[in-house]
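Next come the structures, one after another.
Each of the next two complexes has subunit A plus one more chain, namely subunit B in the first and subunit C in the second.
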Partner chain A sequence: MSTFIQLVLSGVLIGSVYALMSIGLTLIFGVLRIVNFAHGEFLMIAMYGAWAISQLFGLNPYVAAIAIVPAMFLFGAIVYRLVVSPALDKPHLVVVFATMALSIFLQNAALMAMTADLRDIPPIFGRSLTIGPIYLKVELLLGFLITILCTVALQWMIKKTYLGKAIRATVQDGEAAMLMGIPVPRIFLITFAGGSALVGLAACVMLPLFSVFPSVGLNFVLIAFVIVVLGGMGSIEGALFGGICVGVMQSLSSYYIAPAFGQLFFFVLFLLVMIFRPNGLLGQQGAATVGMNE
Partner chain B sequence: MRRLLRLSTMFASLLLATTMSAGAQEPIKIGVLLPFTGPLAKNGIENWEAMQIAREMINERGGVNGRKIEYLQGDATTPNAAISETERLITKEGIKITTGSFASPIAIAVSQAAERNGAFHWETTGAAEIITRRGFKYTFQVGAPARKYGQAAVDFVFDDLAKRLKKPVTDLKIALLWENRAFGKSVGDGIRAYSQTKGIKLAYDEGYDQTATDMTPIVQKLKDVTPDILIAISFPNDAILFQRKAKELDFNVNAFVGVSAGYSSPDLRDSIGDSVVGIFVADFPPKVNANVLKPEVKKVAEEFYKRYEAKLKRAPAGHAAAGFSAIWALFTEVLPKAKTFQPDELREIALKLDLPEGSLVNGSGIKFTNFDWADDPKDAGQNLRASIGVWQWTKAGNEEVYPPSLATSEAAMVPLPKWSNR
Partner chain C sequence: MSSIVTTTVSERRIPVLPERGRISWFELALLAISLALVVSGIAPSLRDVILLSFLFAGLALAWNIAGGYAGLISFGHSAFFGVGAYTSTILLTRYGISPWIGIWAGAVIAALFGAVLALICARLRGPFFILSTLAFAEVVRIIALNWASLTGGPEGLSIPPMSSLSGMVFASKETYAALMLGYLVFVYAITKGLEASRYGYYLFAIRDNEDAASAAGVNPLLGRGLAMALSAALTGIGGSLFAQYFLYLDPTYVISPELSFQFALLPAVGGLGTAIGPVLGSFLITPLSELLRSYLGNAAAGLHLVIYSFGLIIVMLYFPAGLAGALNKFKRRRPTP
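Up next is the complex of A and B:
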């Protein structure tokens, strides 16, 4: 029994970290209707940033987030201006290839600048918390809390603030929103930059857990795609739900069936969801953007 | 006017000099296929640096029979890229000799493309058995085949660890964990078969995906098994994740034997610090007892280690030392005997090589075969004298501990202290 509890708890905690990483992706998808294939590389860059800050100033990544999140916002804005925005009114494939090219470019630029060495930060909290036979890593618990806080804050922002209302209006009907005086291009820019900033936050949460190297994004970006689809594309609480689902499923199937099946399982689920509920488990018919258009 | 005349005379003589010297010693061009980018780039680049040092050293000595060595790089990130890069080098650049390629999947692809285009492939480190099992004519695998890694690990358990743990081998609980791609699976298969012949049944035997991001289920399963010894085959990132998770969940073993790639990588130490001390690694030896080396090889080895450490600020890992060893053997044992540098001629020279152990910097010898393994009549071009040993991470770096002939030190820290005492 304690094994089961351990597996479920570990799955929930790691899943929430996956979720945090996926929220930016789902936000960008929900509003701009594009998939950012360079999402994993954004994560990689932000992890390097947090790592560099910890090396230069001895700050832990949770503190480094104060600098990384705005820096990634800026980075996202620049990428939007240079790569995404020029491709937006072209056929859909253009933006797919543009972000893919960006992903390859960033990976190789990182390889040149940082070499392929794996970089780490020293452990922040020495030992795990133990509750009887259950071990919980403090960094993972923190990650969980940050994810919950972030989801709640984002939901509040989307529902209550002017910016949030403008985003929802843009999602519902871009042209009508524009006629009502909402600067849609700027909303796009802010959303893309905001999504990137969220990846920055995820990177700060992940650096104590994972090494950073130029291709680290590849290990996570597929998981992020699965989560976004599972949770309902564009839905923020869906991402949280999807992340935890993937985490727990990975954990249980790896233990009870075989470690090599951990990934197989959630990709099968991914396929099933695509076939039977293409709007995601929490998605609504015809609206890929539950979190934003209630 | 006079100035112009002088200048043009100078220019003309310079031109003459370069063309003459170029005619006298046209460089020998070798295609180096390694993963320079992508997920395997880390080890690929370390191999490249080791090979560069070999090239510099040989060129400083006047090259091979007066001809300098020149490398052409091919970025073999994935098997597909490896094939197209190899073909590019052979068909567009006219390369007749290829080498590389660090990882098994890359080696499989490169050797295939080289064979198809009639080029001579000198594989330095790729280990998968299939590299030499396809009946190819021009592929020579200087490094050890995958089964040898596993055998070294199992032999070490039998000959050394069991005594230190004061248990008969049959009472030892041995667990095997492997990443499920070409290398991990190949080594894992070898260990399973070899321990069976020794009358051992593994207490745990499972593969996992190399890109796994959460090791909790695996560690939890191993905790249920409570093995005495864990043999693990991983790449750097997953080895680090595993060790961290083992610490987090307080999973302890009496001895930990990692196999190659992940466990031999300096990144492991950079990442988990002194927690690495005490872990054994079955791999190409990064450095062997200098007494086993031939005197002239000893000098080459010293120079290589010095240059590598000066260049990369750390000692070479086993695969980098193996990359150097193999390419140095090509420069000093194969190419000097060649006249036409055609693949058929190089093949004949390679097949005639008979170098005892201690002839290569990492303690290996060279004797290729067409026919050695009983179960495998087509295993052509496999080096029977490739040495694989076991070394141990220490506070200062690493020490070769097995087999005794190559050892620089004795195995220590058996049983391994629990995480709470590390």
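Up next is the complex of A and C:
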């Protein structure tokens, strides 16, 4: 029984970290109606950034986030200007291919700059937290707390601030929002850059848990897609819910079934959700069947 | 308007530039050049590149039937490629069945996979469809990697490199080049036939407006399923040919997102939903990526892909209709007779 509780708890914690990584993706999807296929590479770049800071200045990644998050905001803004915004008014395939090419570009640029070696940082906290028979990694607990804080802060921002209202108006009806004086292109820019900044935060939380290498993004981006679809595209609390589902399932299936089939499980689950609940478990009505940005 | 006029005035004349459902001088010239390349012994270092350009042109055309004509943008086609490759290779190495037969078995099984994928994604549109195809291919990939008793698992499968006609293993690259060109012409002929057929028009209708097509009596589910199955079968054939050429199946390559992207990108660069587009895309991109790989691959790991993907971003942003779109502009500028 305690094994089961242990597995579920670890699953919830790791799932919340996955959720943090997926919130940026779901936010960008919800507002711009595009899928950023380079999302995983954004994560990879930010992880390298946090790693470099820890190497150069000996700062731990949680402190490095202070520099990484604004840097990723800027990076997202530049990518938006150069690649995404010129593609937005073209057929929706253009943005798919452009972000996909960007992902290949970033991956190989990282390969050139950093080689294929795995990089990681020394453990920050010496030992795990023990509660009775349960062991919990401190890094995971911190990741969980940061995710919860981040979700609450984002929800507050979306509900209460002017920017959040402008974002919601843009989501509901871009043209009407424009007529009401909301600068929709700037909302797009801020959302894309903000989503990238969130990936930067996720990278800082993930660096103590995972090694970084040029194609690390590919491993995580597929998980992020599963989470985003499970939670319903565009929904922040959905991403948290989807992340925790995926984390628990991964943790249970890799223990009780086989580690190799953990991934298989995600994708089968993803396809099942797509067949039976194509709008996700908490999703917007009709999103999947109407066809967005077409 | 103008096209109606030209067809009635000169019914038997062969058009200069590619037109839907008709063979043009441009296409015949391209075929003649390809044949000349195969027959004449060109530089051995380029033979690989030419042969791969033919193979990938065929694969890009196969993808284009689903992606370009039916609007089913799939990023899971490497699953069909892998299924075809594994089927013919397993039949050959285990049961000694000639690939000349095994290829068709692979095509049938790949078609079944295609139909299943179409059924799974029947209600999905846009990014949801794309992501589901990606997930589908991942499922197939993980199964192939873990079902070691059938697929050899991560070690892959090897075909004995003894050259024989019945085993479809040849000593000369020219023979392989002819085989690949044969595949390309086969898929091209099917594509051209599709363009002119009633079923082809059904597909265009489904792609352009599914609700309207459905109201006009076209069954979208059947149309999508058949398009995906046909596209998958042709991709599976390409997979078998690939296995027969390299004589080794690397499971991390034959079913991979990278390969799926490749199948989609060649038509995107060349021009989606046209017959000539995927061919032009492959003739441009395949040599480019192979040459970049051979010249820069050693200089710095990843440099060739950096250049290649950078070029791709530029092409996608500034020439979204692809090379065929550029050809079409040229055509429109001509004075109509």
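A few comments on the model shown:
The criterion applied here is as follows: the second predicted complex is superposed on the first by the 285 of 294 C-alpha atoms of A that agree within 3 Å, B and C clash if a C-alpha of one lies under 4 Å from a C-alpha of the other, contacts with A are read in each partner's own complex, and residues count from 1 in each chain.
Here is the rule we go by: contacts are C-beta pairs under 8 Å (C-beta built on N, C-alpha and C of every residue); 3 or more make two chains touch, one makes a residue touch a chain.
Note that the structure is predicted; figures quoted are calculated from it, not measured.
Taken together through their common subunit A, the two structures put subunit B and subunit C in a clash. Within the superposed three-chain arrangement, the count of touched residues of subunit A is higher for C, of the candidates subunit B and subunit C.
Once the two complexes are laid over each other on the shared chain, residue contacts for A:P70 go to neither subunit B nor subunit C. Residue contacts after overlaying the shared chain place A:N108 against subunit B and subunit C alike.
When the two structures are aligned on the shared chain, A:P259 is found in touch with subunit B, with no touch to subunit C. With both structures placed on the common chain, the touch criterion links A:A116 to subunit B and to subunit C. Residue contacts after overlaying the shared chain place A:L218 against subunit B and subunit C alike.
When the shared chain is aligned, no partner comes close enough to touch A:P183: not subunit B, not subunit C. For the contact definition in use here, the residues of subunit A common to its subunit B contact set and its subunit C contact set are 107-108, 111, 115-116, 214, 218, 260, 263. Those residues of subunit B lying in contact with subunit A across their complex are 37-39, 41-45, 180, 206-209, 211-214, 216-218, 220-221, 224, 236-237, 240-241, 248-250, 267, 270-271, 273. Those residues of subunit A whose C-beta lies close enough to touch subunit C in the complex are 29, 34-35, 83, 86-87, 90-94, 96-98, 100-102, 104-105, 107-112, 115-116, 214, 218, 222, 225-226, 229, 233, 260-261, 263-264, 267-268, 270-271, 274-275, 278, 287-294. Interface residues of subunit A, counted against subunit B in their complex, comprise 3, 6-7, 10-11, 14, 18, 107-108, 111, 115-120, 122, 128, 135, 137, 210-211, 213-216, 218-220, 223, 247, 250-252, 254-255, 258-260, 262-263. Per the touch definition, subunit C reaches subunit A in the complex via residues 73, 120-121, 123-128, 130-132, 134-136, 138-139, 142-143, 145-146, 257, 261, 264-265, 268, 272, 300-303, 305-306, 308-310, 312-313, 316-317, 320.
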